[in-house]
């Protein structure tokens, strides 16, 4: 990694839970990333537009409202459409509605093209570390 | 029933839980029975001896300590030995140790020769009523 | 025409209503006169205003939680379970995020899919789509008062359908929505929409169908847990009560969320009631019934169900010690995901028992020295904010509130809306009470500021490092893992 | 030779010990010097006296419940679960009724059967039968302090085995055993036996192996729930502390069970501590550490687990508001039968969380007006009893206690022992506080009596009938069905 990676963050769709993503933004900032926080209720298109504008290496999508599944469908396809083929795409939060287990949830979101999915127990430190590795992997490709 | 029935009461063996049986004694007293309370920690032999002395129609055995099963074994046989063939024999309280259900407990104690067994949810009124009926049945035989 | 805190006149109201009812097809089912008649025919045990009065007289609590299922059938089953197994005193329908944003057409398909596949894809009950007929069925099938809420910029149509269907409670969420639930809407827009719902409640009430309204609150315990001391919320509640009273609301509920220090939490209930009473009087409102409600602690809950159960029951304790009539209960599977109905019912039952245990009708907890100190401080703070708001509004609380956010006189440390200054910041002191780490632009005198500073210093002394944003995050993590305050 | 409250001299003690150790074969395993050496080698986190000190300094609670399984293996599994899943601060072994009556031979067979068939036929852990070797294994396999208890007329051998095995806590149950656990034993006999155990604890303590002792209590909340106002218990605890101090005990725990009115319950904790401190000083005892423990409500629990969970957590609340170091927790399946280890652990966890939530180090709950009034009344009552006891004993608390029961100066309304007068009777007032319906022969002045009478009148007024035995029964039934007081 030669330059400080730019990271776009926000909560998706109808979601107004901001504590989680704010905590992550704070950690990323401390870890030397450049964060572009889009705030709450961000549409897929807006994430992608902001990522292009910021020449971002990753998009971090937070979803706690219970609508993650409905709202994240097609995100990767839209990225590819927009030319962001390799962009690192994370999703995290309370991703289930109903009684799905994490073992069921994770493959669902990876299947949708997310690089990683994070449960609500994930700590900011873990997230920063994972991001470092994934960005390194991308830059080495 | 021509005379006031005499009733012997007490807690069996090692048992010191007295509230339950005291409440019942109070109810029996109010209902016109003559109660002979033996107090706590009464041995089978002492129940029987007292029943003979009092010419009792029923023995009410309370057990809450968790040892009911160990302590009630052979009670009916001892009554018969002592010539109290028809005496009404009730047991009540927290009769299980471990995780037996009431569906398992009740037949166990009836099998031991108790006329009836009562769970901890039983109300004094219910007990008095049952006793009235059972004594009537005996006197009609 | 700007917002003013005066009753919307009937003609204008009827005109506004036409537009609202026309915005989606089920609006056509609403006939306000029929709605009033329907309400008046309800048995009193289904009317929250009556139930609240009984609760006050009988010294008990109406427990409830928020429930929103994707279909009418599952909403009914859920509420029936809360009623029968949980002993709920109010059955509150929380509507979903699509309903809150008016995406009713879109919802038709999702609801159809949910009904077909037995799925639960929504985060609330799509109340509007089910129309008056559907909602009346719900009200009739249940045996307790039903209420509606869903913090949204515009919930006017939902309010219309709810009241016409026999719901007897509404919630004014003006300030919470502005601070937390939108990043673009203006306060004026939101306030106008809620003013409409308040007027609707007033209209029913004036015609003999009493609607209980939970008045607006400022930066609340659940929206800014552990980061906004209670005076901000209390100031908002006083403004909320004035807004409701102006529109003819006569049965009010003030809701306080908890922060985690029992003296501060109970004090806040009493300050809220005292100040609302006082300001209602000052504005000439008479004959208003004010009831108190306490909510759970906001913020993340422990994943461990037993620890969470204990935390959930705190609401019952605060309610009991505050002599409140209502108690809003989270569930012990709060951290796990959308709670099941059984777990909601169990949590309710536990909290009600706790309320009974802690309720000692003559316990004068408010006269404990710590409670008294908290009351004094909070009262001074809230009063300073309210007076400044009134000053900014030339005596009009709503006009004042509109300006107050611009100047940071009303504020929320973790607002999602960039129109809110977010210049204040709170943190817990060594006793778990929330204090101002930064008073931003709040109109506080030096003594108040020093009080908060001292209290934070005590905690800093114990932690051996300055209190900061990291302390807040660490405190949240502490609770989520079954601890109380971060060391 | 009659009982006196003076230290048993070492020679006589060693002689007595010989007889005790000879009463069953495992007694031969006890070598007191080896026992002391073993205790001194324990890591401090297994020594209750140390843990109590840490709890006081760190403002936390050591939660525990009572556990007794039929075999060493299942006792270990049970305690390990409480330790790991429940976060227990003390692992207390309750021994079974046969152990309490010295039926060790008989137990051999029962234990063999339990081990063979994996059954649990006993109501406690047969501690004596497992001897020093067996009990040390238990202590070594666990990671918290282990304690022993089992209210019995004679638990001298059990105490010997426990202390030699590394148990660091004992419980003096003199008055409870006399009142509740026997219908034939004399107080003199029971007192003598406990004096032996106290001396044993003192002996270890004097030689550098501190044993924490839970001092005796009078008519307690769990033995006479809702029928004996707290002053009877408190008087007993003061006498208990004097008895323990005389035998060289230096680390004391006073345990208060709860009655159900938070002001009265918390007040009682403070009165207990105040009076014990004062009388210890008066009798010239210095350097004694006194810790406070609160127990759950006694009496029947609800069959509903969620309501029972709430009730169980009340112990955490009282402990927290009393600034106590220990908290004894029942389980939410209390009414169901012998609790499972998982449910015990879950209850402990919940109560500890509740303690954390309610713990606000500077909350001066004792200065709330109701708490203060309760403290004043209880202190006067307890003091009157204690002074009269001392007078009867010519200054000797134990001699006094022996006479006090004869005269009904110490009493228990629901005693099982005909040697106890049972002339007093208590009932709950309208706030759930327990009051004297009948003061029997208690040496109370008119003002005290009038206070209780007035309070009961208030309840009678609400019930519209006189308070009586039926009220007590109705109150018990009310709680068991999830209510609080009978209407």
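Residue numbering begins at 1 within each chain, and the chains themselves are lettered A, B, C and D in the order written.
Just so it is clear, a residue touches a chain if its C-beta (ideal position, glycine included) is under 8 Å from a C-beta of that chain, and two chains touch if they have at least 3 such contacts.
Just so it is clear, the structure is predicted and the values come from calculations on it, not from any experiment.
Student: In contact with chain A and with chain B at once: which chains are those? Just list them.
Tutor: The shared contacts of chain A and chain B amount to nothing, since no chain touches both.
Student: Work out the mean Cα position per chain and let me know which chain is farthest from chain D.
Tutor: Result for the farthest chain: A.
Student: With centres defined as the mean C-alpha position, give me the chain B-chain D separation in Å.
Tutor: 31
Student: If you average the CA atoms of chain B and of chain C, how far apart do the two points sit, in angstrom?
Tutor: 56
Student: Specify, in ascending order, the residues of chain A that touch 2 or more different other chains.
Tutor: none
Student: By the touch rule stated above, which residues of chain D touch at least two different other chains?
Tutor: Not one residue of chain D touches more than one other chain, so the list is empty.
Student: Could you draw the chains as nodes, link the ones that touch, and say if you get a line, ring, star, complete or other?
Tutor: It is a line, because the chains touch in a row without closing up.
Student: Kindly provide every pair of chains that touch.
Tutor: Once each pair is checked, the touching ones are A-C, B-D, C-D.
Student: What does chain D use to touch chain C in their complex?
Tutor: For chain D paired with chain C, touching residues are 260-263, 302, 304, 306-307, 309-311, 313-314, 316-317, 346-347, 349-351, 353-354, 356-365, 367-371, 430-433, 482-484.
Student: Looking at the complex, which residues from chain C come into contact with chain A?
Tutor: It comes out as residues 97-98, 100-101, 110, 119-123, 180-183, 300, 303, 335, 337-338, 340, 414, 416, 418, 469, 473, 476-477.
Student: Sort out for me which residues of chain A touch chain C in the complex.
Tutor: So the residues of chain A touching chain C come out as 13-14, 16, 18-19, 22-23, 26, 39-41, 65-67, 69-70, 94, 96-99, 120-121, 123-124.
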